[in-house]
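The letters A, B, C, D, E and F name the chains in turn, as written, and every chain counts its residues from 1.
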Amino acid sequence: MRAVSIETGVTKHAEGSCLVRVGDTHVLCTATIEDRVPPFIKGSGLGWVTAEYGMLPRSTTSRMRREASAGKQGGRTIEIQRLIGRSLRAGVDRVALGERQITIDCDVIQADGGTRCAAITGGWVALKLAVKKLMKAGDVVSDPLVSPVAAVSCGLYAGQPVLDLDYAEDSEAGVDGNFILRGDGQLIEVQMSAEGATFSRTQMDQLLTLAEKGVGELVALQEAAVA
Amino acid sequence: MRAVSIETGVTKHAEGSCLVRVGDTHVLCTATIEDRVPPFIKGSGLGWVTAEYGMLPRSTTSRMRREASAGKQGGRTIEIQRLIGRSLRAGVDRVALGERQITIDCDVIQADGGTRCAAITGGWVALKLAVKKLMKAGDVVSDPLVSPVAAVSCGLYAGQPVLDLDYAEDSEAGVDGNFILRGDGQLIEVQMSAEGATFSRTQMDQLLTLAEKGVGELVALQEAAVA
Amino acid sequence: MRAVSIETGVTKHAEGSCLVRVGDTHVLCTATIEDRVPPFIKGSGLGWVTAEYGMLPRSTTSRMRREASAGKQGGRTIEIQRLIGRSLRAGVDRVALGERQITIDCDVIQADGGTRCAAITGGWVALKLAVKKLMKAGDVVSDPLVSPVAAVSCGLYAGQPVLDLDYAEDSEAGVDGNFILRGDGQLIEVQMSAEGATFSRTQMDQLLTLAEKGVGELVALQEAAVA
Amino acid sequence: MRAVSIETGVTKHAEGSCLVRVGDTHVLCTATIEDRVPPFIKGSGLGWVTAEYGMLPRSTTSRMRREASAGKQGGRTIEIQRLIGRSLRAGVDRVALGERQITIDCDVIQADGGTRCAAITGGWVALKLAVKKLMKAGDVVSDPLVSPVAAVSCGLYAGQPVLDLDYAEDSEAGVDGNFILRGDGQLIEVQMSAEGATFSRTQMDQLLTLAEKGVGELVALQEAAVA
Amino acid sequence: MRAVSIETGVTKHAEGSCLVRVGDTHVLCTATIEDRVPPFIKGSGLGWVTAEYGMLPRSTTSRMRREASAGKQGGRTIEIQRLIGRSLRAGVDRVALGERQITIDCDVIQADGGTRCAAITGGWVALKLAVKKLMKAGDVVSDPLVSPVAAVSCGLYAGQPVLDLDYAEDSEAGVDGNFILRGDGQLIEVQMSAEGATFSRTQMDQLLTLAEKGVGELVALQEAAVA
Amino acid sequence: MRAVSIETGVTKHAEGSCLVRVGDTHVLCTATIEDRVPPFIKGSGLGWVTAEYGMLPRSTTSRMRREASAGKQGGRTIEIQRLIGRSLRAGVDRVALGERQITIDCDVIQADGGTRCAAITGGWVALKLAVKKLMKAGDVVSDPLVSPVAAVSCGLYAGQPVLDLDYAEDSEAGVDGNFILRGDGQLIEVQMSAEGATFSRTQMDQLLTLAEKGVGELVALQEAAVA
């Protein structure tokens, strides 16, 4: 796995924030607390955690078109931000959170593969910092964050199972995926996907074992960052 | 698994078509052959298979807003049609297909859970029929369809691993997913996802075993349909 | 006129549904009852009937772009769905219907000319079935459907007035149109239109006579279908 | 019929222009000649005439939302501009016009019913002036305008057939329509439409007779304007 | 400065209207009074003045694409209409206006440079006429229009400071700008902008002196028009 | 003026980049060189410099809606990015640059007033670094950057002319503006704007004097950063 660092408190306005670096992939994550919730849970007493994702136009090797200027978020962006929100919610006790919404914005400053995994790992840190602020203020009494949530990418590169692919490896991997786990080892999301290739059940198993190891290391870094 | 039937030749214009019924989920799949390919492979000699997905507004219990009228495809639609295209391509030898595009349209006439899996299973049948037409005309000489591709949903329902969830079961399952496999047992895509829940590695294993069994049955039905 | 059939009860969720076949033109019509009405009649006690229309991408000889993906409904679609709604309302006593909305979705499964007329004819059947359900439940006491509504296309083909043009005839007809009538012979809508041609008042008269005959036959089939 | 006037040469940039006043309905019509044609007739040697229609936000009693700001043209706008283009083309010999496009812009400065008919009547005048310029310059040798095209609205108001309804009459007419004719009496388009009402074949006949008379008067005014 | 005329009362529906002509630049300005205000001042007792701007497609030498058809207002349009609204508000006592909104629509009928300045000058006249109507009706008691607001363009043309550039001059001026002043000589907005050129502070001074003179003349014409 | 720092080389992919900090306003500026130019100068031999601007959703005190998700760039964004591009071009010899485009992306990481000025000041640094790379590679031989370009905001705060307003000051200033100058003291753009207030010519003069001083300091920092 590439070198990982998590720097917290990087913007003064957000209720929680961090800059997570996984190798040359740098993602800025901020958490915003709002007292409103989406219409479908209004009055339920339950909280909500959601996420948005974006890439700065020149976070990549060649410049991408700015989505705001294109007039819509692409399919990849939509998939990723739904994944981030869903994954983080799996670590949240929504009753304990109470009827409020926390929005995690994940903006990729520099990309070199694995941005969605970095966003989830950093997103949890921003979320945790925001929740700590709520608890310190007495707005929330019992900690709604059941367990840390972290993510790592894996793939078959030159036929071998590999953890945490960078962009160059990812481009050549016919099979790759993302594993999102909780700190207690429970699985939240498994996404293995092949483009012009397939994989066997044995390989699936090897990748899962790698992922469990990787997430373990990430969780230790998350806990150090929010301490 | 619910009763499955595949009726071919259901529209006169498409190069391949079928109506796949998985329980009360009915999806109309058509294949369109075009001589153009997307810009990024122009001149490469490679073919392309892509898919689009839609639900008729009243395919569901209560009427959904028509996406054409809303002015955009929702995030769920985009996720699903990308999945269908990616899955089918995993069964295609794009060199043998030659520089042409086959578009699979999957339109849900009636929905009762598992529409994306039904779309992949039926989509492969429409694709196969279109390819047979190309081969019969001599436009393609070596069969580009390496292996059948089929999909089945699984989930944890009341704590138990269950195959092929209908809408009622799916709504209550905290963990569910889709498994896409080739006829030879190779995995193409695994998507396990939890909303407000998690799953263990053992449960993941049980679900995979169920999925292998389910896909085996679907492949037999696909092969009978295209014979 | 081409062979016409109307098959009812084709989807399990809708309050009324039919598949109408006019030659090789097949349109699926569903009716959805909702307790809300558009803002401009809220509180008036009046009901509303509206329609939406769509074509499956491969309902046609060559594939059309999916309107949901294009990001908007084309001018032709908008014209047609406004026509369907307006025509059906001409057969409805909106006081008797009460403050509720019935939406008729008309989705073309296979197209071979005359899809808007088939949609109106089938749309009325779906509407009638939904209204019968309302009356059976006692939600509506006096039948709001004053008279059946049906539509037929006509045109000048090779200089001769012709009823119910298929796609091949329609493409070559310089003058064509649609006539929408009630079962009692009253006219609801007349749309005669020329592209690169004109027509005389005598020809207009001959077409009207043909249309009256055609609609008479359609009304008999509608009444048999809903009996 | 209300007082009609046609003032030509009202803007200095357009190849043809007029301000047509039908009672209190005032429409500015301009013609633009371009050397390009739509893709579907490129290389055919045929010309094209098309139209766009708009209403100034405060052309109406209460202010309408500006369509440019709403982000799309409404269904009514699209219907109307398609009608204007189709109607004008019925008076054009597209071979004689040669491979060029004339765009007629019809912008409603003040509205009081019958804007689409005024737009067609004025649009023909702008078109004629542009064509005269082409002929004077020798770019077109044989006059492509076969016959004048004019339009008039009719309806049943208080049960009686009425010609050229103003806004107040139109709002109360359950049945109304538009008749587009050539100067030689040939019909181009008949659109009779009922909202919450119907009409008999006898009434249809009376309306047509009225329309023939009205169009005759309009054509005389058009010819005087372009002389 | 080019010849300027202001003709009032040009449309029957608007609460205030004028056609302002600055040389060959003709802009139709209308004022609409509504009892609602934007959400951000609801309940504040303050009024609001806003503006929208548009160009007819053939107001220019070659036809521009209609913004309604393009699906959005261009950047230039948005900049201009924000400027018009902001400038007019600088002459308004929003407490005296009371909680109502006046919308100024500025539609360019014919363009020859300086359309935004003409729109502001004419917009103030339409606004004044609407306010007079409010005062006559007793809806507003103390005149909310503190001072007239007028605008003039200036630029460096062939190295010399020039007032009120027409389109030909404007196209060649490397530096140009707009000055918006009140009748009492106070500045509201200064926009000097260079494209591929720069200007000195001395030139800036000369332009301001010219602008003060020009606005003085415009204000006299405005006051004559609304008298 | 607040403390200003300019850190270069902050992203590995861009041809030039810097993070400019003006007090608590932090803007990331990147420069992208492309061999294509906009259609309107294709084949002219001239280069082009353009800019795009965005704010991260939580760069502000309360979260703003992400423009990519809203589906369009707001009017303020469009105004600002047009200003940045126009200002930078005033310092560029487009013949010397040659037929290529440099795009400056300015993304606000943290906002506290004056973001557009910081973007211009930092944008010039990113531009300069990219141009140096072009010159080093021999792609450009004569330096196309005529003079540094920098910007500073000014306003009347509590009646007094003030340089470089932060967000709190800016919110209360009835009059504020932006001055963009070259290193040689020539003016590029002056934008003074009042909302519910006005300003005298004397105050305008005082603000210009302040701006000249502020830009002088910024230019020194720019030159140190790119040395």
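One rule holds for everything that comes next: contacts are C-beta pairs under 8 Å (C-beta built on N, C-alpha and C of every residue); 3 or more make two chains touch, one makes a residue touch a chain.
Since this is a predicted model, take the numbers as computed values, not measurements.
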| item | value |
| --- | --- |
| Interface copy of E-F among A-F, B-C or A-B, judged by whether over half of the contact pairs recur | A-B |
| Centre distance in Å when chain C and chain F are each reduced to the mean of their C-alpha atoms | 58 |
| Geometric centre distance via CA averages, chain E-chain A, whole Å | 50 |
| Interchain centroid distance [CA atoms averaged], chain D/chain E, Å | 33 |
| Chain B: positions in contact with at least two other chains | 72 |
| Ring path (origin chain A; first step to chain F) | A, F, E, D, C, B |
| Parts of chain B lying in touch with chain C, wherever the complex brings them together | 11-14, 17, 24, 28, 30, 32, 34, 52, 54, 56-63, 66-73, 77, 103, 105, 107, 109-111 |
| Contact footprint of chain D on chain C as seen in their complex | 72, 75, 78-79, 82, 86, 89-90, 94, 177, 182, 185-201, 204, 208, 212 |
